[in-house]
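Here the chain labels run A, B, C and D in written order, and each chain numbers its own residues starting at 1.
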Amino acid sequence: MPVVDRAPRLAVWKFASCDGCQLTFLDCEDELLSVAARVEIAYFLEASSAPGPGPYDLSLVEGSITTPEDLERIRHVRRVSKRLVTIGACATAGGIQALRDFADVREFAAVVYARPDYIATLDRSTPIAAHVPVDFELRGCPPDRRQLLEVISAFLAGRRPVVPAHSVCVECKARGNACVMVAHGTPCLGPVTQAGCGALCPAFNRGCYGCFGPMESPNHASLNHWMRDLGMSTPELVRIYRTYHATAEPFRRAAEEAEESGEGEE
Amino acid sequence: MDAIVIESLDPLVAELRSRGYAVVGPVVRERVIRFEEIASADRLARGWTDVQEPGRYRLAEGAGEMVFSFAASPDSAKRYTQPPRQTLFRMRGEQIEEAEEEAPRVALLGVRACDLAAIAVQDRVFLGGRHPDPAYLRRRQSLLLVAVNCAVPGGTCFCVSMHTGPRATTGFDLALTELAAPHRFVVETGSERGERIVAELPHRPASAEDLAASAEVSRDAAEHMGRHVETEGIQERLSAHDSPRWAQVGARCLTCTNCTMVCPTCFCTTVEDATSFTDGTAERIERWDSCFTLDFSEVNGAPVRGSNAGRYRQWLTHKFSTWIDQFGMSGCVGCGRCITWCPVGIDVTEELANLP
Amino acid sequence: MTHKTVRIGALTRVEGEGALVVHARDGRIIGLELRIYEPPRFFEAMLRGRAHNEPPDITARICGVCPVAYQMSACQAIEAACGAEVTGPLRDLRLLLYYGEWIESHALHVYLLHAPDFLGYDSGVAMAADRRDLVERGLELKKAGNELITAIGGRPIHPVNVKVGGFYRAPARRELTAVAERLRRARDHALATVAWVAGFDFPDVEHDYRFLALRHPGEYAILSGTVVTGDGYGPVSGFEVARWPDHVVEEQVPHSTALHARLDGATGYLTGPLARYGLNSARLSPLAREAATAAGLGPVCRNPYRGIVVRAVEIVHACDEALRLLDGYAEPERPCVPVVPRPGVGHGASEAPRGTLYHRYRLDDGGLVAEADIVPPTAQNQARIEADLRDLLAPRLTLPEDELAGLCEKAIRNHDPCISCSAHFLDFRVHRG
Amino acid sequence: MIGGPHPMTPAPYRVRSRRPDRVDTATLTLEPLRGDCPPFHPGQFTMLYAPGVGEIAVSISGRAPSGGYTQTIRAVGAVSAALCGKRPGDVVGVRGPYGQGWGLREAAGLDVVVAAGGLGLAPLRPVVRALLRDRLGYGRISVIVGSRAPAMLVYPGDLACWARQGADVGVIVDHPDHTWCGQVGLVTRLIDRIVFEPRRTYAFVCGPEAMMRETAAELVRRGVAPARVELSLERNMKCAVARCGHCQFGPLFVCEDGPVLRYDRAAPMLAVPEL
């Protein structure tokens, strides 16, 4: 247990993202006030108009790095933070905006903005760990509320956060879902996706779409083979991997291999 | 007590409920036959059957008035004997307090011979060793087992090979055999508890024809096993640690853990720690784990079984071979769940057959 | 000659990140920029080439504050493009989900972001130190909204159960009973909230707003309707959602990444709670109407500070309507209607907590998205917020700068701007192609 | 009848004293809040629970004069760090002792080689003490210790003391520093330096798995019977009572069938990758 005579100071930072990860924190209605009693919420723009100065004991970082200014800012955040934990798919894997990696970002800007020359942006959307050392990465788009609390609680207790890297299937079975792949023939990314959500999609008769990113030992080749048998086409396979964790290495490869093995068909 | 015949399940369900049991039986939910609490026998999956193959499960109609014309459901009794998550104890200050989670009275209606065999395996694991588990015992004691003798084995069943079925011979409170024309159930009792329940039901003694018909159901089921395993010499075959077969199946295996999760005997767990924000109470929770995860075998920063092949080999070898060394019995009861519910259809019987 | 600059480096207690810079010379404002420094994320470009069933989940990621709004507008736009319509119990389920988001989002804004301004706190958490009971009530209210979304959608942020055509699985009645219980309590909390915020000290300000909101014949529009505009008193003019591009045009402003919307050529209209209330207050549930009257709101509210009261009234309405729907809920026979992709264009709009959210998609022959346009509420309100600020500042330029900055931040928060949303779409007019 | 505490429930123990061994290693003396420490056999271990952090297997390295267990912990991760940082007065959870200990009885009358790598000396310490307490019951006693660096050596005081009590003690390090004037290399090199009669020798080996394999193989090569070499295995362990499944090693549960295993039994299994 870290011995500190004052409450640990928490900071929440935002980079390119949808805000959902920090909102996950505000969504802990039952725990918010007890957490606030244990830590000093020293920097959290979304929730407070009294940002306190650094250094911070724990920084939660949401969002990916997409602009030159943010590149500078994340280095600052690292400097003023004892522990830096990234939260969510954007911060840990570049997020959906990393789809720009597969396109020409100038052209993207031109599609969205009348005057793309005003828009300062990098070619790629990169995770925080690509720029500064990260102490822990919490997955999910958005992260799971309980897991976020566990990360904070584990930090306070000095334990390794209980955030297992195994497949969604483990939670799916513990929850008592019947497998949608086996029972309904619905393609599911659960076997190659990291647990954490509590197997939500299968609980709603939907195949997992991978929003927690790749699990510890994903075997996409075998899964893709089976999902093709279930009727998925090459473009569908490519799209399902290339969404929320498009540039996470195993999913990037899964999409590429689907493309390669799909060549010649259709 | 001699076997009897009942015409309907309603009085049985009502009697069990009146004795304070939550009756849990097979119902159709989301196109799968699942075990769920029922208020009356109407909820049961009457008329339904299932088609099970490696990695594929489909519900089908056409069982008419029959209530139990299907094989194993994805749920086994494990959910009740060994719940997926349990709090072990809480520690506050210097005080350690066991979480005596109450064991609710549950009557499992429709467990099969393989499930009973699996419960016997779990009894051996949790009660038969040097450190018996009192919480398991409590749960076990409040579980009432109403077995059903299988009439229609599934495409992935192989209880005959594992000598665990299709007929329930022991370990039940009541065992039913469903007969057609006229629709009725032959009921055998396996415990005093069972006898007391049967005494309250409208029934008649089973006739010789009833008993013959009941035996015929099991004989017929035994002849229609979907799969087969050669158990002769199985331990020797599984000592082929370096067979190229492991790499082949490892290439298919997703290490998703589904097989171990649905397996009615897989008992492996891990422990999670938690602390409360309000008063710092520490809690330990035991939950299902699987030898297919990397954390399972991690020492010194690396898993002992890092490859898919290594993990698959652990599973198959443990189930069919080393279990015998550890517990004096096979870890596999032939229910076929791991075959049906493997998302990519890996078939243990095929893997075993392909070993040297 | 005196030169004065008011600068708020980082707006707080708003969703997303932005800043405000005001330049004044000789007592006159010569420049005012509500600046959005949210990095651009290019959603409209990324949507091209995606399948027709993907925009609801993808666009939800534009904003974690109102993902349901994105999902609903996206679904309806695509359904329109494919000639499908979701009606009856499935539509009710969508309404329920959406009410959940209103409750959650409004409770967040009222209790944690906005009320501290009136009571002199830096944050909801700081406020809890003195008024824990109030903050706990707010959190409970917020939680009721979240639980409603969770029961139907699986999770409050980026729900997983929404699909084009309806849902993946319709929840069973029993899955909703616990939520109904909680909502009953929430409704009481909401009524208490209205009474509470009605007692705040409000500056005596009114603006001549031009409102824009959806209007639905039988509902206080949230999920669908026609677009109506007006000042709340006089006659309204309206148009179908499909005519949106003919009426609403937005421009990127040269000095920043901000943009100004023009409605039929005129700049600075307002969408959001004040607009909805001003145009539709007669359609609120009787209980909500009563609460509004008791709180001293007329049929129209033009004081932006009183927006907090209007939000509280909308929470009452959302709880009340959600309860009505829950009581009548019967599991729909099928969780969704089939939606077969076909080439064409579809428009969809719904009332996000912060105002009208418009989507437009063109699908190509392969059923893939060829073009996407999204107009979020905050982007529409940007010009109007700037106008509010000018009105606020003009007579007060002699005040010290930090005081001015404080006033401005409060004025901005009146509109609960969602910068996460607005940043990603600065111009949706250009690119066709 | 089955009753009593759940096998996964620890008993509260108080930290009586703490002796820092190195920067990252400390020896704790633990005493139960109620009752006495159960007896233990050298080589056995307990499960130590740091409240709210986790529980790990730690060998018993001795019994304090007060009767408590002494246990030496190296901080390699969260739980070990938390335990290592405990102060006198703190309360931790203890389960056990568990497992099969060293075959002291089998070694009676023979030369004994005790080979330790790093913290592997912890479970061997009570063995050496038992051997020396009954000095006449055995032949020559050799203790050879390998350490990564001089600063990482544990129990230096004990080593000197054992030498005085008649054991042949040798120490070797992998990475010497400027203070080091002793042997350099792997612990197997010390086998050359000690005197034992291979056919009448019993060996206790504990350390990293590779070290144990090398050492055991070397001893066997010199003629020690594989059945007279014992190793103490380390596996992932969550329960220590053969119910979590993690420590399986072929047919064995290392927690109950081990951690001490005879080399003739372990060798074929150690040769199988990923077993």
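Operating definition for what follows: a residue touches a chain if its C-beta (ideal position, glycine included) is under 8 Å from a C-beta of that chain, and two chains touch if they have at least 3 such contacts.
Only a predicted model underlies this, so the values are computations on that prediction, with no experimental measurement involved.
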Query = If you tally the C-beta contacts for A-B and for A-C, which one comes out higher?
reply = A-C
Key: Separation of mean Cα positions, subunit B and subunit A [Å, integer]   = 36
Request  = Using mean C-alpha positions as chain centres, tell me how far subunit B is from subunit C in Å, no decimals.
outcome  = 50
Inter-centroid spacing, subunit C versus subunit A (mean Cα positions, whole Å) = 25
Remark   = Rounded to the nearest Å, the gap between Cα centres of subunit A and subunit D is 42
Inquiry  = Give the residues of subunit B touching no fewer than two other chains, as numbers and ranges.
reply    = 30, 273-275, 282, 289, 295
Remark   = So subunit D residues touching two or more other chains come to 52-54
Ask   = Hey, what residues on subunit A touch two or more of the other chains?
value = 157, 159, 205
Task = If you connect every pair of chains that touch, what shape comes out? Choose line, ring, star, complete or other.
result = other
Partner subunit D, residues of subunit B touching it in the complex = 88-89, 91, 93-96, 98, 125-127, 129-135, 137, 241-242, 267-271, 273-275, 280, 282, 284, 286, 289, 291, 295-300, 304-307, 309-310, 313-314, 318, 321-322, 325-326
Ask   = In the complex of these two chains, what residues of subunit D are touching subunit B?
value = 2-12, 33, 49, 51-55, 91, 93, 208, 234-236, 238-239, 241-246, 248, 250-251, 253, 256, 272-275
Subunit A contact footprint on subunit B (complex, rising order) = 29-32, 34, 55-58, 74-75, 79, 84-85, 251-258, 261-262, 272-275, 277-278, 282, 287-290, 292-295, 308, 340-345
Task = Quick one: which bits of subunit C touch subunit A in the complex? Just the residue numbers, please.
result = 10-17, 37-46, 48, 50-51, 54, 57-58, 61-65, 67, 108, 112-113, 116, 122-126, 128, 132, 135-136, 139-140, 142-143, 146, 154-158, 160-161, 163, 167-169, 251-252, 254, 256-257, 335, 409, 420, 424-431
Query = Inside the complex, what are the residues of subunit A that reach subunit D?
reply = 1, 157-160
